[in-house]
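Each of the next two complexes has chain A plus one other chain: chain B in the first, chain C in the second.
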Partner chain A sequence: MSTFMSRNDLLLLIGFTIAVLTMPLWLAPFGAGYPDLLNRFAIFAIFAIGFNILFGLTGYLSFGHAAFFGVGSYAAVWSFKLLSMDALPALLFAVVISALFALLIGFLSLRRSGIYFSILTLAFAQMSYNLAYSVLTPITNGETGLQLTLRDPRVLDNALFEAGPGLPSPTLLGMPLQGFEAFYFCAALLIVAFFLAQRISGSPFGMMLKGIKSNQTRMHYTGFNTRPYTLAAFVISGMYAGLAGGMLAIVDPLVGAERMQWTASGEVVLMTILGGAGTLLGPVIGAWLIKYFENIFSAINDVILARFWSFLPDGVSDAMVQITSKFVGDGWFLTLGLVFVLIVIFLPGGVMEGVRRIADQFRPSRRSGRPANQARPHPRPAE
Partner chain B sequence: MAQPNIVLHVADVHKRFGGLHALADIDLQVEEGTTHAIIGPNGAGKSTLLNVIIGKLAPTSGQVVFDGAVLTGRKPYQINQLGIARVFQTPEIFGDLSVLHNVMIPALAKRDGAFRLNMLKNLNAETTIRDEALHMLEDVGMSGHVDMLASSLSRGDKRRMELAMCLIQHPRLLLLDEPTAGMSRHDTNTTIELLQKIKQRGMTKVIIEHDMHVVFSLADKISVLAQGRIIADGSPDDVRGNPAVQEAYLGGTH
Partner chain C sequence: MFDVIFLQFLNGLDKGAAYALIALGLTLVFGTLGVVNFAHGALFMLGAFCAVAMRMLLTLETVTLDPEKLSPWGTPLEVREPLMQAWLGDFGAVLVNYSVPVSLLLTIPIMLLVGIALERGIIKHFYKRPHAEQILVTFGLAIVAQEVIKSIFGPNPLPQPMPVELRGAADIGAWLGMQANVITYPLWRLIYFLFSAILIGGVFAFLQFTTFGMVVRAGMADRETVGLLGINIDRRFTIMFGLAAVVAGMAGVMYTPILPPNYHMGMDFLVLSFVVVVVGGMGSLPGAVAAGFLLGILQSFASMNEIKAIIPGIDQIIIYLVAVLILLVRPRGLMGRRGVMEA
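Moving on to the complex of A and B:
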């Protein structure tokens, strides 16, 4: 067992599994225990975990990962339309097609590193976004978004079952994927995705990726051809993005090109940095925080605020409502921005660095000298 | 004694940077098992020569041959895979990783080659590589630093670790670029002892050095470089008595 997985890794995986499966329970008091949001927590956590393999481990900051997310979504919907409403072929297509797409874009973008790499990925992603809006309308249905229709062939489904009335919804081996069934499906995939990321991070291959981030020159003079390593990391993270995109298509089968826009690419960067780039849990926490803010803070309105501040004298309470209303509702971006700025300034290693600092307070004997197995606090793109 | 085996042959190498003739007509032969020192004043072209050998710079003309293989035009990783390792003037190490992992990475490069997609194996299962690395760290006297973050090491320890990173690959040729630059006298002597220990194992070394104490403690053969040319070549005693060398070092301005 020890050669398969260290004890700490195993404990982390078990803890993570329990935390994910009990999410409906512990998130309920925060108003986030409903399946629709929980699905997004799982989906974007997978997206961020995959992104972290490229950015956190290898040190290449991609600004175009939403392209793979979008490709995954389109691929999944086409699988629904042409083959079957089953989730498995849809996800298989999402992962395979986004992998091919990532292979192409990665092959071209990885000819450069640092800021030039980031700009190249951004350019390719924006190209994909604009193509999806214009030239590729037959595939993407442009502005309207790709959606299921009654006239879809669904070859496999129609061969096997009698078509029911109305639009069908995604299933898993015949079981409808709705409500908490959908969540537990997403949660299972999240746990598998986390496990695989853990394996990759702890493998000799993962060590090479960390070596590339730390000192690519030394990697060259040590006898490594770093290009296939970075390309493999790029494709793997593209596949994670495609999987996440495919999953979003399962819970929300109306796919628009905005899933590929640069704001979506930027969001996964924020998630990873906010949680802690290079750590296993960080990207997951970052994804959950951002999706929580997006869905909960944006839903707070003046009525809720007035109730919250009602313990204050009338004039003061009105003023507080006025001030705080700028930070909620449509202003949730302001709150997110402030949180992000504060974290990057005071905790450059993200939330995970905060967790580590608190843990260190309780272990005074180990405070001197940072143990080497911890990631560098400053996320830094490759030179 | 049979004909000495020439491991490295720098043949008629020229290197120009614009109008500057950094290396002119360099012809250098390094015999197997020897320590060959390249000395010379600042700006003589020593580092340029090393960069040409290791593939970082392409020569303007001429070629470098290592054990029958032409190095010119190959990439640094290919040159390493042929059995050449390099210690840099400023240590090139993996600062974000532990000392142990710093030494395990080159061992994996030696075993697995330039690329291997082994992502489902756990690093903890690489016990042979791990033991090899621990042994190597013991050899260079760094057993106490195994779990430290490499960036937190002292400068002297970083160099020793970088040397361990090269030695674990059992290179046929080790290039050392001023291995004692910026070291205290004590650290310098420790490094000399370490290099003498390697010498007994018969590893071929090319060493660039400023410190004459280091050069005369280690070198079997010395080439003196001045203004991009080799002005003297021979045993330490030959070179010490050579008037051209005296002039180059004592500030002759040509």
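Moving on to the complex of A and C:
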């Protein structure tokens, strides 16, 4: 075992597995213990983990990852429509098709780096989004969004079973994927995705990617052709996004093009940065925090606020309700933007760096023994 | 056939002018401060909302209920008395009519202030940080700006009327000695084009013919040496950031009658203007302007039905397609300097 995984890695994986599987229990007191939200936690965590494989390890900032997410969603729904309501072929198609798509876009975009790479990925994603809305309407169903209908062929299902009444819902090998079944399916995929990311990060391939991030020129001088490595990272990252998109199609089979819009690409960037780019747990935490607060904050209304501030004198509490109501409900994105700006300014390593700094406070003996470069604002490339 | 092409060419001009103005500001910021500013579209949007706010101020009115007269529903009729007309008479009416150009007066100081505050407050601290972090922080700022606007003005587009006298169309064909009523073009768009031409000319003249502009150009070429000569180049660059914000804001104000401002228009334009900057060449001011007009006109041609029949959907992607081609074939853009952000 020791040659396969270090003890720390194993502990992290076990801890992560336990944390994910018990999510319905420990999130219930926070009002988040229901499957619909938990599914999203798992799905967007996978999306962010995948994004981190590209951005966190190689430093290439892609502003077009939502394109792969959207392609994954469309592929999954088409698999539902044409083949079967089973989740496995749907996810397989989602991953394979988004991998092909990522291969094409990555091959072109990775010819440039830095800001040009960001613009290229953004341009490709916007092209996909615009096309999905206009010319590709036969495939994407345009503004209405692609959805399941009663007239879908579903070749495999109809050959094997008698068609039931009403719209079918996604299944896993005949078992319906609803409620907590769907969550544990998503959770299992999340754990596998985390495990793979951990393996990638610790492998020689992962070291190569980190080398590209810290100094690509030096990698060239030592005789490495970095392009295949970055392309591989890009495709892997695109596959993660496709998987997440496919999973979202399973829990919510109405797919609209807005899943590919650049704001969706921006959201995964936010998640990764907020949690801590380049770390394993960071993107997961970022995704959970954003999805949790999105859910909680957007549900808060003036009545709840009034109750919260009711301990203050009348005039003051009314004023506080007025002020705070700008930051919750529809205004939740304002809070997100502010938090994000503060994080980028003061804590570029995200939540994970904050945790590390606090932990360092309690370990004075180890801090003195650490190399001096730990004090710089950037996090270590990866854990 | 010629008139169709000429008309499309004209149609591209006003959009191209907007792209050119935003891209000019972006390039100015990039060339001077070396900062990739994702919040620049938000400045365009803020400018547009200055026009909205100005119009709201100008059209303030007192509402009184008149118990004498009843509406058809039997409720007392509301009597609205516009304050501007009450105070200033006919001049007030003219002000309201010309609210969009008048709000330029409000926009210039506000945008200058916003720009300088932004640069001194936040962007200053990001000069030495990687481009990725500059993108991230300005992206966050853009979100904050648009959400603030959304919470003040609401999520719906707010159409701004153009002055009554300028609502018609200009018969450009007749002006050029061709048949009348073949090539007509909305007057306001023509004005927008002329306005942006003057603004662009003004920025270039400022950089070319004033001492301040000369110092800034010197600083763009070699910041360190200019600093060593005892010139406070940082302060000048801050002012240039403010100037870029003003240009973006003025572009936004004048664009409001063409496109009703909504809170996310900044982001929509930002993505396109970044593409414009990249096509023109990072750090090249003439490149940004040329690419802005070029892409605006290309987009206009691509939305012709004849072209769409050949390549369906081309109107949706033409700009991105051009950007991708340019970046892959000629990474420093049309007019970029050798070695500037060439990677």
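Please note the rule applied: the second predicted complex is superposed on the first by the 368 of 383 C-alpha atoms of A that agree within 3 Å, B and C clash if a C-alpha of one lies under 4 Å from a C-alpha of the other, contacts with A are read in each partner's own complex, and residues count from 1 in each chain.
Simple rule for what comes next: a contact is a pair of C-beta atoms (placed from the backbone, for glycine too) under 8 Å apart; a residue touches a chain by one contact, two chains touch by 3 or more.
Note that the structure is predicted; figures quoted are calculated from it, not measured.
Engineer: With the two structures laid over each other on chain A, which partner does A:V255 touch: chain B (first), chain C (second), both, or neither?
Structural biologist: neither
Engineer: Touching A:L336, do we find chain B (first), chain C (second), both, or neither?
Structural biologist: second
Engineer: Looking at the overlay, what does A:V135 touch: chain B (first), chain C (second), both, or neither?
Structural biologist: In the superposition, A:V135 contacts chain C only.
Engineer: Touch test for A:C186: chain B only (first), chain C only (second), both, or neither?
Structural biologist: Neither partner.
Engineer: Figure out whether A:L91 sits in contact with chain B (first) or chain C (second), or with both, or with neither.
Structural biologist: A:L91 sits against neither chain B nor chain C.
Engineer: If we overlay the two complexes on their shared chain A, which of chain B and chain C does A:L347 touch? Say first, second, both or neither.
Structural biologist: neither
Engineer: Counting only touches as set out at the top, which of chain B and chain C does A:Y229 meet: first, second, both, neither?
Structural biologist: The answer is first: A:Y229 touches chain B but not chain C.
Engineer: Does chain B (first) or chain C (second) touch A:S118, or do both, or does neither?
Structural biologist: After superposition on chain A, A:S118 lies in contact with chain C alone.
Engineer: Going by the contact definition given at the top, which residues of chain A touch chain B in one complex and chain C in the other?
Structural biologist: Dual-contact residues (chain A): none.
Engineer: Give the list of chain C residues in touch with chain A in this complex.
Structural biologist: 36, 122, 125, 129, 131-133, 135-137, 139-144, 147-148, 150-151, 155, 267, 271, 274-275, 278, 282, 312-313, 316-317, 320-321, 323-324, 327-328, 331, 341, 343
Engineer: Under the definition above, what is the set of chain A residues touching chain B in their complex?
Structural biologist: Result: residues 2-6, 199-200, 202-208, 210-211, 213-215, 217-226, 228-229, 232, 369-373, 375-376 of chain A touch chain B.
Engineer: Applying the document's contact rule, which stretches of chain A touch chain C when the two form their complex?
Structural biologist: 59, 61, 108, 111-116, 118-120, 122-124, 126-127, 130-131, 133-136, 262-263, 266, 269, 273, 326, 330-331, 333-334, 336-338, 340-341, 344-345, 348
Engineer: Using the touch definition up top, name the residues of chain B that touch chain A in the complex.
Structural biologist: Per the touch definition, chain B meets chain A at residues 54, 75-77, 80-81, 85-86, 88, 92-101, 104-106, 108-110, 112-127, 147-150, 152, 165, 169.
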